[in-house]
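Naming follows writing order (A, B, C and D), and every chain is counted from residue 1.
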Amino acid sequence: MADEKQSLFGAVIEGAAGLAGSYAATLTHLFRKPVTEQYPEYKRPMPTRTRGRIILTRSPDGNERCVACYLCSGACPVNCISMQSEEGENGRRQAAWFRINFARCIYCGLCEEACPTLALQLTPEFAFCKDDIADFVYEKEQLLVDHGGKHPDYDFYAHAGIAAGTPKGSHIDEDEPVDVKSIMP
Amino acid sequence: MTPLGALFYLFAALGLGAAVLTATRRNPVHAVCCAVAVFLSVGAMLAVLGAPLPGVLTVVVYAGAIMVLFLFVIMLLGLPAGDGALPPGRFLVPATLAAATLVALFALIGADPTAKTVLPAAMAGPAAVGTILFDKYWLAVEAVSILLFAALAAVMLLGRGKTGRKIAAAGGRAA
Amino acid sequence: MIVPLSHVLAAAALLFAIGGVMAAARRSILLILIGVEFMLAAAGLAFAGAGLAWNNLDGQAAVIIIMGLASAEAGLGLALLVHGRRGGGTDRADSYHRLGEES
Amino acid sequence: MTVELLIGAGVMLVKMAVALAVALGLAAYMILLERKLLGRFQVRYGPNRVGYFGLLQPLADGLKMLLKEDIIPDGVDRRIFLVAPAVVAGMALLAFMLVPFGETLTILGHAVPQVIVRTNVGLLLVLALSSLAVYGLALGAWTSDNKYSLLGGIRGAAQMISYELALGLSLVPVVMRARSLDLSDIVAAQSGLPFAVTEPFAFILFIIAALAETKRIPFDLPEAENELQAGFHTEYSGMRFALFFVGEYVNMVLLGALIAVFFLGGWHGPVLPPIVWLGIKVLAVPVFLIWTRASLPRLRYDQLMALGWKVLVPLALVNVLVTGAILVAA
């Protein structure tokens, strides 16, 4: 009986200590500096590989990188990218129009992975709200930027073997064209 | 008519009207709501009659506890809400009997000449009521408390039901 | 000056009668119980009026005792209702006739 | 005679207006205070966008609630559904008429008590009003035609009936010491030591029972967000939801006022003017409640019932007995 009383007393003490402990914990929190980041005033720098708004970049010489190959459109799981290819001057392929519907985009980055010319890139910019959902349909003019994005020095046409404006064999790491009519090695 | 008298008639009309509504509602929750109105009016009438302590206790006990209990039971059991009006035929026999009783009662009340004098306004303090309750009627108070205790025990027994007995049996086996 | 005792008694009698009719005419146990509560409250009202008429507090003491009675009655009645309902019964008073003749 | 009556009515109206404004204003800013304090307890800022320090947040919230659509679901009992929130807020506001704010003043030879209604059964009336507030909850829940609401309403009704007993019993020692049910007399009886010192157990029991009566964490089972969505007010929206919400905060302020009156000595205190003392005491209680909300987890339902019936009620009864013995011996 005495033992039982002791245990009841102990239980009461233990419970009171538990309550006091939780009150004390919250009280100490009251005097700590809040960890909240005040968003519009302070914008945390996002990592460069954050997947936000999509842009179309240009090569160092100022030409569009996009060759309208439709790979991004095919890779897109929500079908938010559409375009029309055409042939520009010098016989280059380019997009007649290029359209991304950001209201559907899920920012998965598959289009960026699919892009063979590194033209299409995702940027850390994520806060671009609109009142009208139709405004989320971005046209090529809105998507095109004047820089090379994450790969400023890369120039697809400087590497590729397509003769579009430049003679064959003049590209980086490209051999002279072989004259198939000659027997010389 | 004095203001207090007007209040009495007002609450009497309210209470009786709500009582009639209670008796005729199909939906049990509506009936309970009307019954609450009845008890609030009765409490107010008691307060007007110089009995503030019983009046407030009426509100606390009847309206605040008993009717909440009724509501609780309705919600717990999910009693169905009937539709349409009650058949008036069902009220026929009881209403006739009640009317006869009332006529007799009114005759008796009317026959008493002392009851015609208008009552003076008075207000009893709770201390005086408490003194007389525990001084003169202590036996009745004890009896009511024993009654309440018995009711409590009975409710416990009823409330345990079959599951309680099963648990007790299981506990007995385990021990 | 408030009202004549006869008016108080009349109001109490009316409330009592309504409660009585309700207890007799309604089928739901719940509403029968409410009717009984009305009758008890009406009795309390008459007691309080009489207490005022004869200027003593016994009437008010009686109201409080009645209140204790009423709460015991309501608690027990509702517990019986819950018990009956749990045992597969209904809240209709007519359906509790297990001890009566087969019908 | 008529002039006296008119002046009395005018004074009464002014007192009502002041009490209503103070109660509603305090309730509105109690919401801000709760959000701010809760934020700091959780190491974040809380609302600070609307106005300096978020001071206009209550206005913004009220405006939002007013402009929201008032949805009345199909299958509800319309009349009861519309009235239920008003019962909760109304009963809490009504109880303010009984709270005394100070000594009786004498203005131009007229005695003006600083309380709207002074009655010799004040304490019981407070209990009566708090017990009537259950109807708003239970009826609102029943009529919502929603399982979660119904469960919340059943829990709320059972919880409030159970804890009302402990609440009333914990106040009995106060009445025994003050020898009156009149709130002004109870305050006057504490001109020496407040009852929180002379009746510490009654004080603790009252706080616990009152926490349960106001449905605050750790006793917020009727609305238990993670099991019952929002419990009894799941189906309410717009201003009707706001009424439930305001009712809860008015209740908090009311609880502060009642604890100040019953246990902390009302307006009595050294140096500062009485009304300031009352204000400090009234605000201290909600701050404690918010602190509690930040600190304690919610009880399980069986724990709640066990605490009420097996701990609080017996302890309160023992407390009554002991107080009686002390008073008789003294």
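Quick note on the criterion: contacts are C-beta pairs under 8 Å (C-beta built on N, C-alpha and C of every residue); 3 or more make two chains touch, one makes a residue touch a chain.
Fair warning: this is a prediction, and the values are worked out from it, not measured in the lab.
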item: Topological distance between subunit A and subunit B, in contact steps; value: 2
item: Chain closest to the assembly centre - both centres taken as Cα means; value: D
item: Distance from the mean Cα position of subunit D to that of subunit A, given in whole angstrom; value: 53
item: Where subunit C and subunit D are represented by their mean Cα positions, the distance between them in whole Å; value: 32
item: Averaged-CA centre spacing for the pair subunit C and subunit A, given as whole angstrom; value: 76
item: For subunit B paired with subunit C, centre-to-centre distance based on mean C-alpha positions, whole Å; value: 6
item: Multi-chain contact residues (two or more partners), subunit B; value: 53, 57, 65, 69, 74, 76
item: Shared-contact residues (touching 2 or more other chains) in subunit D; value: none
item: Graph class of chain-chain contacts, one of line, ring, star, complete, other; value: line
item: Pairs of chains in contact (touch as defined earlier), listed by label; value: A-D, B-C, B-D
item: In the complex with subunit D, residue positions of subunit A that touch it; value: 19, 22-23, 25-27, 29-30, 32-36, 38
item: Residues on subunit D engaged by subunit A in the complex (per definition of touch); value: 37, 39-45, 291-292, 294-296
item: Contact footprint of subunit B on subunit C as seen in their complex; value: 1-11, 13-15, 17-22, 24-26, 28, 30-31, 33-35, 37-38, 41, 44-45, 48-49, 51-53, 55, 57-61, 63-65, 67-76, 78-83, 85-86, 91
item: In the complex with subunit C, residue positions of subunit B that touch it; value: 2, 4-5, 8-9, 12, 15-16, 19-20, 22-23, 28, 31-32, 35, 38-39, 42, 45-46, 48-51, 53-54, 57-58, 61-62, 65-66, 69-70, 73-74, 76-77, 79, 86, 90-91, 93-95, 97-99, 101-102, 105-106, 109-110, 112, 114-122, 124, 128-129, 132-133, 136-137, 140-141, 144-145, 147-148, 150-152, 154-155, 158-159, 161
item: Contact footprint of subunit D on subunit B as seen in their complex; value: 27, 29-30, 33, 36, 43, 52-53, 55-57, 59-60, 63-65, 68-69, 71-72, 74-76, 125-127
